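Just passing along the structure, written as structure tokens.
Read from first to last, the chains carry the letters A, B, C and D; within each, the first residue is number 1.
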Amino acid sequence: MFLKPYVPQSEEMVQIMDPNGNIVKPEWMPNLSNEEIIEMYETMVFSRIIDEKILQYQRQGRILTYAPNLGQEAAQVGSGFAIKQTDWVASAFRELGVWLRKKAPLYNILLYWYGNEEGMHMPEEVRILPVSVPIASQLQHATGLAYASKYRNEPDVTLGYVGDGGTSQGDFHEALNFASVNQTPNVFIVQNNQFAISTRRAVQTKVKTIAEKALAYGMPGIQVDGNDIFAMYAVTKEAVDQARNGGGPTLIEAYTYRLGAHTTADDPTVYRDQEEVEEWLKKDPIDRLKKYMLKAGIWDEEKEEALRKEKSEIVKSEFTKVENSEPVALEAVFDYIYADKTSIQKEQYYKLKALQEEVE
Amino acid sequence: MAVLNLIEAITHALDYEMGKDESVVVYGEDVGFEGGVFRATKGLQQKYGEKRVFDSILAESSIVGSGIGMAINGLRPVVEIQFSGFMFPGYNQIVTHAARMRNRSRGLYTVPMVIRMPYGGGVRALEHHSESLEVLFAHIPGLKVVIPSTPYDAKGLLLAAIRDPDPVIFLEPKRIYRAFKQEVPEEDYTIPIGKAKVVKSGSDLTVVTWGAMVRDTQKAIEIVEKEGFNIELIDLRTISPIDQETVVESVKKTGRFVVVHEAVSSYGPGAELISIINEKAFLHLEAPPTRVAPPDIIVPLPKGEHHYLPDVNHIAVALRQVLKF
Amino acid sequence: MFLKPYVPQSEEMVQIMDPNGNIVKPEWMPNLSNEEIIEMYETMVFSRIIDEKILQYQRQGRILTYAPNLGQEAAQVGSGFAIKQTDWVASAFRELGVWLRKKAPLYNILLYWYGNEEGMHMPEEVRILPVSVPIASQLQHATGLAYASKYRNEPDVTLGYVGDGGTSQGDFHEALNFASVNQTPNVFIVQNNQFAISTRRAVQTKVKTIAEKALAYGMPGIQVDGNDIFAMYAVTKEAVDQARNGGGPTLIEAYTYRLGAHTTADDPTVYRDQEEVEEWLKKDPIDRLKKYMLKAGIWDEEKEEALRKEKSEIVKSEFTKVENSEPVALEAVFDYIYADKTSIQKEQYYKLKALQEEVE
Amino acid sequence: MAVLNLIEAITHALDYEMGKDESVVVYGEDVGFEGGVFRATKGLQQKYGEKRVFDSILAESSIVGSGIGMAINGLRPVVEIQFSGFMFPGYNQIVTHAARMRNRSRGLYTVPMVIRMPYGGGVRALEHHSESLEVLFAHIPGLKVVIPSTPYDAKGLLLAAIRDPDPVIFLEPKRIYRAFKQEVPEEDYTIPIGKAKVVKSGSDLTVVTWGAMVRDTQKAIEIVEKEGFNIELIDLRTISPIDQETVVESVKKTGRFVVVHEAVSSYGPGAELISIINEKAFLHLEAPPTRVAPPDIIVPLPKGEHHYLPDVNHIAVALRQVLKF
């Protein structure tokens, strides 16, 4: 529907719901039950509340660096809802909505950002690779995951996420090329949030849309309103289905905006005006879906309040657990470098242990 | 004379040299408008324009590779890798080209370029923000590797690096970017690359270290000296080429040697120093040359990082052991 | 003329002269004097003879690995004639025609392949970076060279050469992107000779033409009959002029064929049929131009014979010089690592010198 | 029992393991149809099909990075880097991901992958075809580094590497790919990673080496032993993790130590061995531990390469010096 014939250069961004929550393309509206729409909404709100809470904890000095997702919830949750629990995800560090959708325990997520690798030891069924900090490198893993699924004739699809800045890395190029050449079941989602830290999207590439880059790999490329959860869901679903059915990879550009700071170490007022942010606040993906739901009569302020209260409580209690979690033992930093500690590591371990015990 | 911290001294040095030499260009991720995530290049774009100071595309191989081309064609690029842990995509360009262009063209083309990288741990950062990778550069013929430990040295070494005819990897110990201030002359001065600095002379033991570890080691030495010892401290300053003369001289005098560093122990930088000492001062050795270094593990995330970096106590224990051997 | 409007997906390859030496697009025929055409021809023949001679020396064990250019002479010489002596070139290892055009002394070229770095110490005015073996990496240098020219408002353009295989590397992507974002005076020439060692072009990418990849960078991309020297010259000239006048970079795909082995270490019969080679022999770029010149009455067999004889003699005498060149001194392998030898290098040097003298 | 050279032993091991374990896939540049530029994978695509043995795109970061994904998702990729000098574009994936996935996920995801690379000099090759880069891997926690020196070992170590739960860098000394043949059992056998081999025991001096240098060192030892000495030769076989026990035991017995390698000297692999010996056998040392290694230069092109690699005479001279110290 969206992918053929694709003309990524046409600059026609796929939008189904406008910023006022009106369905502007009813013929494209995905077939979602009210329950599913509410679940999507709840997931977005959950993501938002987690971000807000962590930012609050961060100001209180209770957590260190964190990369908030503010404004990008639809891009993440919408695409995340288009895959199955058994599908794989290789993401960077700003995909909270996808983690939530894939049933990653909040405790784990918080523990990770608290500064403990143990958080990334997710339950096996989550099937998301750990946070990947080296920009764009994770897309290469996405291709290998998908190759292995195809190799065993398993139906799983792998979603690879990257930012607009990440499209400049060589790894972006190689991964898309590998996927296209090997027709692996991959879908690549670029969260174009207009910034790589302070660097604007226009500095990264001269093309009008990032979706156009798909042309270099002979794969469909499509630009989607990343703040429209229905559009994100519908397009990703089609791409995922196509990949699952042997149709090969797709590149999706989610056109969105990072409403918050790059990370808590960043001060965006240095490089952008508040007016620009205000403009984008009007397109807020959560408000947008809420307006739709209110109009559709499947949501009300009472439910909203209950939801926010419930989610806030969850974050609070999980974060309390994280704050009360065991300190990282000396064993823990040695135990996972190799399956078995080396003889030198063992000596180093005992030496450090003795030193630490002496001090205590 | 200004009183500056280390990062300010770097900004000052860049500003100084850009004012003096039009061929100096400065770029890297977020280096332009924002002035870099550590603000090392703050104000430079405003002062020198977008042609001379700019935001690169997010691609380290391009940052290094384009810099090589610029250097060959008459510019003096000073590029920033945001954190040393992100230099890997640019490592191919560093090793196979920057380090080799002079040899490959038998002196026709050279790469007078500086690659600045904040490095090291102790700032409770995300993954890949804390690595100490000096060996990966120091093992490569054709590269020079410099690490300042004070604001004064930072300016003098950076000016020397920019004016050096060969590529210099300039590793900045970000843990002490803002740790202390020092008087830094406004005038032109350089500190020669390849010369270590005897921070404090002593007769019982030679300790070599560099970067942020100089301060921790100084503290450990103060503690141990109270116990009646007299220790010589050398700030290596240049990791490659090593100032073997200064180190060997010192060990010949003291007979004992400890090296302290932030890189992991195995195949780490300390091993080279120990080997040089074996080769050059074997008969003077009264105790086994010893290294104080992190274990062979990946730098843990903040909650486990204290297990990684040797602290003052750890260093002091090692000094005592060697002194009492 | 060729570049605007560009439709690299159209699969219309630019051809001016057909394999029989007939001008099929007179309106595109570049304005070249007979002398210039003859010079182009002589350069191609010179390249061919150098290749043939070296292959012969190689069989005699007088030279080691060598990467012949057989069949790609028009792609190299045609593009090379489109630039000035003051323009820069960053090439890989299969661009002999460009080196010749840029007045690189044959002695130096032969000395390099003989196994002596000294060969790459070209006269300064040649302005070609030394042979670059790590695939595609040289394109990054091309962008920096061009940036520096633009920085100083100098009119020089930089040509970057890469193979079809090289388009798969991340460096290809990053370099084209840098050039496009910074509008540097670059022209990128892909010699698509259908192979990366044994690996066919179709394994590298799923797009129909490599020229299409320009779309990902918002720059003109154009596929050219790489065995048609007039087409190669005309298109490169337009791209170079555009770059020189501030119009930014261009990607040119030279569609050609590697008639010989990848290098002398390679045996192409393992992975391709002679029939395929025969088909391409019919499109030989040198024969093609010769046919044109014969028809145009500016060439004859006598001249041909004289030319071949002259060039053969030159290769022979230069190679004799190379074989009689000084052996590589111990100093030479130490002297160019840094501007000045390090203290450790000095010790190593004297130790080795003593060892070597002892043996003598 | 077949009589094979080193490269044939590798082909045989790959074939053996592919026949046994369907999760093994093999790819890299020219690895499929042609069977690789050295023919290490010859015949495998014909036997096991294009899904299991294929030509990769020309991109080392993709080769390694996709392998990581495959390994996490249940396959056992054995990828080839055409020459170790071309691993640099893949180094980011090797260091920041292959080596770290286990730790980053605290054991949830692992990367049982083998990265094969022909390495080393002495074949009169073009630039970047002759590097010895073992330190760049051995210094990275999370990687294992293995180097066989005989056909027999090549099979046993490669099978062990493929079955290892962690990423293994498998460096093949291409200088001896076809240098000699040896009986290689058709059956299943592995040689444990992390165990050195005492090639020849002796009492006066311990010599450690690996790869192609084992043979040259053997020859040097033969010459020097004729002069009345008795020398122990250890083939390290695994560069990381080091079998320190075997090496230290030997030095405690002999009191003298020489390491021979092809990597450049400064910050090279020999330094680590010397440091271990200092730490563990200092009081037994009767002469300075010594390294025989190339100088700190870029591997020259063929006409100058003889200046780079230590030869039998060079090794013999060093052995004598240490023996007579």
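Here, contacts are C-beta pairs under 8 Å (C-beta built on N, C-alpha and C of every residue); 3 or more make two chains touch, one makes a residue touch a chain.
This structure is a prediction, so every number in the text was calculated from the model and none was measured.
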item	value
Chain pair showing more contacts of the two, A-B and A-D	A-D
Remotest chain, subunit C as reference, centres from CA atoms	A
Chain centre separation in whole Å, for subunit C relative to subunit A (CA means)	44
Geometric centre distance via CA averages, subunit B-subunit A, whole Å	36
Computed distance of Cα centres, subunit D from subunit B, in Å	31
Distance from the mean Cα position of subunit D to that of subunit A, given in whole angstrom	40
Sequence positions of subunit B contacting 2 or more other chains	57, 59, 61-62, 85, 88-89, 92, 96, 103-104, 127-128, 141-142, 242, 266, 296-298
Residue list for subunit C, restricted to those that touch at least two other chains	117, 131, 133-134, 168-171, 174, 177, 181, 203-205, 332, 337, 342, 344-345
Residue ranges of subunit A in contact with subunit B within the complex	64-65, 93, 112, 114-117, 131, 133-135, 165-166, 168-171, 196-199, 203-205, 265-266, 270-271, 327-328, 330, 332-334, 337, 342, 344-345, 348-349, 352, 355, 358-359
Subunit A - residues contacting subunit C, complex	9, 168-174, 177, 180-181, 203-208, 212-213, 215-219
Subunit A residues touching subunit D - in the complex, by the definition given at the top	88, 90, 117-118, 120-122, 124, 129-134, 137, 139-149, 151-152, 158, 170-171, 174-175, 177-178, 181, 332, 335-339, 342-345
Contacting residues of subunit D [partner subunit C, same complex]	29-30, 33-34, 37, 55, 57-59, 61-62, 85-86, 88-89, 124-128, 265-266, 295-298, 300-305, 307-308, 313-314, 317
Subunit D residues within the subunit B interface of the complex	61, 85, 88-89, 91-92, 95-96, 99-100, 103-104, 127-128, 135-136, 138-139, 141-142, 240, 242, 263-264, 266-272, 274-275, 278-279, 282, 285, 287-291, 296-298
